[in-house]
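Two complexes are shown next, each including chain A; its partner changes from chain B in the first to chain C in the second.
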Partner chain A sequence: MSETPAGASAGAVVETSRLTKVFRDFWRRPKVTAVDELSLRIAPGEIYGLLGPNGSGKSTTIKILLGLLHPTAGEAVVLGRPPRHVAAKRGIGYLPEESHLYPYLSPRETLTFYGRLFGLRAGIIRSRTAELLDMVGLAHAADRPVGEFSKGMMRRVGLAQALINDPRLVILDEPTSGLDPIGCRQIKDLMLVLARRGKTVLLSSHLLADVEDVCDRIGILFNGRLRAQGEVAQLLEKRDRIRFTVPCLSTEQLQTTLALLKQHAGSEPDVDHPSLNLEQFFLRVVREAHRDAGSAGSTAAGGAVPAWLGDREEAVS
Partner chain B sequence: MKVLAIAALTIRDAVRSRVLAAIIVLLLVVIAGVPFAVTGDGTLFGEMRVLLHYTLGLVGLLLGVAALWTACGAVARDIEDQHLLLTAVKPVSRTCIWIGRWLGLVALSAILLALCGGLAFGMVHAKLAGGGVSAAQRREVEERILVGRQRIAARPPPLRDAVAERLARLREQGVVPADVPDREAAAEIRRRLLASAAGTGPGAARRWVFDTPTRGPRGGGAVLRIRPRAPTRDMTPAAGTWTLRSGGREHRIRTDALIEGEHLLELPAAFMDGGALTVDFRNDSPATSRTVLFPVGDSAEVLIDRTGFAANLIRALFVVLCRLAALTALGLTAGCLFSLPVAAFAGTGLVCGLLLSRAFVAAAGAGTHIDPGHHGARGGSGGAAVRMMEAGEAIARPFAAVAASTVRGRVLPRLADGILLPGREVRAAAIVLGLLYPAGFAAVGSFVLRRRELALPGGDWT
Partner chain C sequence: MQRMRQFLTLTRLTAVETLRQPICLLLAVACILLTAATPMVVMHKFGEEGKLARDSGLAFHFVCGLLIAGTAAGSSLARELRKGTASAILSKPVTRDALFLAKYAGIACVLLLFSATAALATLMCERVEERFVSTPALTGYVTDWQTGNLLLAAPVAALLLAGLLNYLRRGAFSSSAFVLLALCVAAVFAVSGFFDRTGRFAPFDLRVAWRILPAALLVTMALLVLAALAVALSTRLRPGPTLAGCGVLFMAGLVSDYLFGQHAATSAAAAFLHAALPNWQHFWVTDALSAGGHIPLPYVLRAAGYGVLYAGGVLAFGILSFRGVEVQG
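Moving on to the complex of A and B:
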């Protein structure tokens, strides 16, 4: 017997149809409509970004998709099943906005605990724990209680636990919150690697640069409603403008080229030097500093993405 | 495996918390302090009974409160701190979460209870082995406490016909008012008949009949334990002859100094043959002497040696553990329904309510409430009070029945008395308290957890 709800299209990893969530007060009177008739579809291997300002309904949507909240109306299907179905949860990895980790457990104990909840064998848990902690750069702190960690370190443990089951769908709620620029870059690179290996990533963030860097498609929520949706490149492209990037020209060559362009375009073209963004500049400086100091193994330095998360080994940074 | 992972996490959670440290300190204070604070009658026997009855009783009470409150917090705090979010998004059912938490907490209670029981056991033997204990004192403790004797009560006196006959007669004579129901009048007549049957004056006789088991006693043999009472403060010893008859055999025992208290009369092993044992007592005291009272109930019983103290202690602790398991289940389900303080209040209130309802029903049954016979009529303000009391009793009765099923039989007093806790009672505790009640609470708790939205917003709902 198929457990796929009626209306769910085949192949979609996440699909919602007119999903609505109304929060009520103690007397059951409607208080806030956090999600309003949201319909979206996320395909396998896609990185989908859910964007929106604070209070737009991103986290509520994610919590409904995880079965932590019940929709007031509409329908949600995750990995072909209703979100509250235990079987649907086997293929999901979730990094919440706040870490919610048990403070008295060490990262190793945390990953072992969650690995056991997935029914993984002890040997597999052991090897995956070691590789994931190495990947997030916490191998050196594997046996310290999580309660002693900084927020960034907790996020890294949270990320590792989200991957312990080699999930088909990775749901990341504000994954870069509390991380330094290197950690942010690592998370973004990890998302790209996961997508290349066939995983589906649902990313919720209000940091536009993060979303722009990694997402294939985005949806913009405002007051619980989906205001815009599409591929990032298409949405951002200015189709009435063209940009050329060429190696530096001499003054004479530049004048000739500009004259030619002005003749065809009918207006003065803009000319400048392309610049790095601040993140690229920061990462270059830190990489050089690391090389000069010959340091390795700090929290910031992540290891390789484990092979079992896909079929090819790739470095996070 | 998933259940065990959650159980292990629960134990770990408790071990890291200060609450456990506080409980351990309190338990140690109780075990070490109560024998000093409550000295009993000053004898070694009294000291041992205090140690086993009051010390282990307080340990059970303390662990009960701890089990209830810790269980309330185990889920409620997990929900409030949102630790449960990460567990709930894993492929683990809410029932599994509930059972894992319950198993972890029960395992913790078992460890603490075993430690306390071990300490009490060690203290009993250390006191016995210590200096200043005479051979007679040691023998008394060994014979009366450090044993597990099966208790066989006498057949209840056949009063039904006598009660019915007397009730009919009193109705005819108009002694019993017409507005007093048969049930109340019969209970009163029965009480009076039992009271009159208890007295055995000089020259009078009293008979008990016991159904002995087919299995013979262990090395310690069998005894007849009698507990006569004095009708006044007169402590003059009474004399009497005890005649035991079973299967054509007869055995006589003479007691010359029968005073109020507990007496053990050795029974020949051959009399434990699976048949009826008849015990006749004849009060041989001079005519001017006092009456000896043998209240119907536990004033005479046959005790048959069955097992040692260690085995009996383990049985008693197991029954206590079953009670803790039921309390833990109640606490967990309360924690699934409410936030921590509300759950703790509701759980404690329910337990207190159950125990009070039992006491209320027992008091009402014993006739300590307003007796309609004394007021002459059921109308007026007295009648209203009676009706209110009856309504209260009707409401309390089902709760009292639940309470009775959870605390059936007083376990620790019997342990301190060297009375064996019967296997059927231990099995009943395991089934009712260790399985049925927890299963019921688990069904409710996991249903609530399934229905409950675990990520409801506080201030920020996005």
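Moving on to the complex of A and C:
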């Protein structure tokens, strides 16, 4: 087997060509086409969002990229190698849709276990485990069995294990599922930090706000087929409309401006005050509440992104 | 070197996860308690005192070990494939072959620890069984109550110590108790050597029938073969069907000599089935111990060789099966 399949373009972190996955029934008859001739190319340092309704083939695509499922047809290349190649997986960090963790292990044991699978030295595992648990806000629960955790806490352990190997490619399958709004914001901020530090992020989600906030490019899957793909800003831009944002004007100034705009546009322009979205408002209220209570040590409060995950120290929240 | 470290990490995890399952602890404690209680509660032995204790101890060893092997394999690979922990591991630089073999190795480690504990318990329960003693001070049948009571106390002590560890150091109760059970039974084994049958202090002598050990070794070998079957089945079946499949193979292997062995010379199908099914009769040779008999070493080696080859073949099939599995969990 060749290291790099034919047709794979140099430099792409993830590339698929006419990738198809057909699930079969017990008698080997085709049951459902989960992925249908999917061609993708994700560049280094990019945050790529795979969008689609439930059952559209997002998770199946990710599992093929991780070598967990065999494609029925087509080809996939991850970090320059076929997905089932063990060496390709050295550079991947994966957060599954459900936090698949061993219930009897503590977060510290879980991260140590995954660190050992990557062949990391004991000292490195110890320091990375401490920093990652601090980053996801679980330092206080490092030695409790994961089975006792809430879904959100499990998600945080899952995220920490996905980063233990300082991956080049981070694959996040529904990363904000089960998290409170603060946790969601932290994950989104973390993705932005990781991308700034040169990591490539493949994000699968059906939560449109998550994707819109962080992704450079998106692809929309429906019934396994890629229906739309491109840069978020371009796809969402209304090219036949223009919006001005200016400081508040007096009534007289406003009337003059509107008259001028109406004269040139030929119709009455819409005027309103810009508003926060609900997430921004919620985070502002919670931050104020934290400040008033003087608390910062809860699970929700994450720490700094470890320096070894890139070259600069930045806070998640 | 790194692959070996990875393999050992996966093996250790499987062993720890298995030990932390309460069902494994329950089975191990039940095995020791039943083994310890048998010579003290069964009174009518028709001159077969030693045999009853031996056979019961080995039978508890076999049955409880079989259940541990089946449940451990079912919850290890089968459940992990369905619940997704296998996908989390296989998304790391781990080959499927390594994961499969490590699962088996982890379960085998637990079975070896269990078997060592059960074998010590069987050796002691045979010692506890009443014997005719004729000394200047005493003539008559004497039961070694002291050793029996100490053996009965071993699981209780292990559970209490594990509870204490859990309270003081927040250690996992089930795995601590399992390991402490082995240590407590070993401690009782060593301490009992300082006392004679009547409970009086005496020069160190374990006073056990070491000829039981080859029989316990063969039972252990049978458990390792069964664990290989269970892990191989669990690559394609769910935990319940895996356990059921183990039960079917166990029963079929028990009667394979009768059903297929006698027709093997005349029927190719019978010959195939006789060869393909695990023949448990090779591993259950307690009758050879009756009337002071011994199991010859060449037989033990041949039976162990059969077990190693059979388990190796089953594991090879298991690896091939696991390579083709689509991990959807």
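Following the convention adopted for this analysis, the second predicted complex is superposed on the first by the 315 of 317 C-alpha atoms of A that agree within 3 Å, B and C clash if a C-alpha of one lies under 4 Å from a C-alpha of the other, contacts with A are read in each partner's own complex, and residues count from 1 in each chain.
One rule holds for everything that comes next: a residue touches a chain if its C-beta (ideal position, glycine included) is under 8 Å from a C-beta of that chain, and two chains touch if they have at least 3 such contacts.
Only a predicted model underlies this, so the values are computations on that prediction, with no experimental measurement involved.
Judged by the touch definition given at the top, the superposed model places A:107 against neither chain B nor chain C. By the touch criterion defined above, A:71 lies against neither chain B nor chain C after alignment on the C-alpha atoms of chain A. Contacts of A:34 after superposition on the shared chain: chain B is touched, whereas chain C is not. In the superposition on chain A, contact of A:89 is made with both chain B and chain C.
Once the two complexes are overlaid on the shared chain, A:143 sits against chain C while remaining clear of chain B. Of the two partners, chain B and chain C, it is B that touches more residues of chain A. In the three-chain superposition model, chain A touches both chain B and chain C at residues 63, 66-70, 86-87, 89-90, 92, 94, 96, 98, 100-102, 104-105, 113-114, 116-119, 161. Residues 2, 5-6, 9-10, 13, 16-17, 20-21, 83-85, 87-95, 170, 172, 175, 326-329 of chain C are the ones that touch chain A when the two sit in their complex.
For chain B in complex with chain A, the residues that touch the partner chain are 1-2, 4-6, 9, 12-13, 16, 81-83, 85-93, 450, 453-457, 460-462.
In the complex of the two chains, the chain A residues touching chain C come out as 63, 66-70, 86-87, 89-90, 92, 94, 96, 98, 100-102, 104-105, 113-114, 116-119, 143, 145, 161, 165.
Contact residues on chain A toward chain B in their complex (touch as defined above): 23, 32, 34, 54-60, 63, 66-70, 84, 86-87, 89-90, 92, 94, 96, 98, 100-102, 104-105, 113-114, 116-119, 161.
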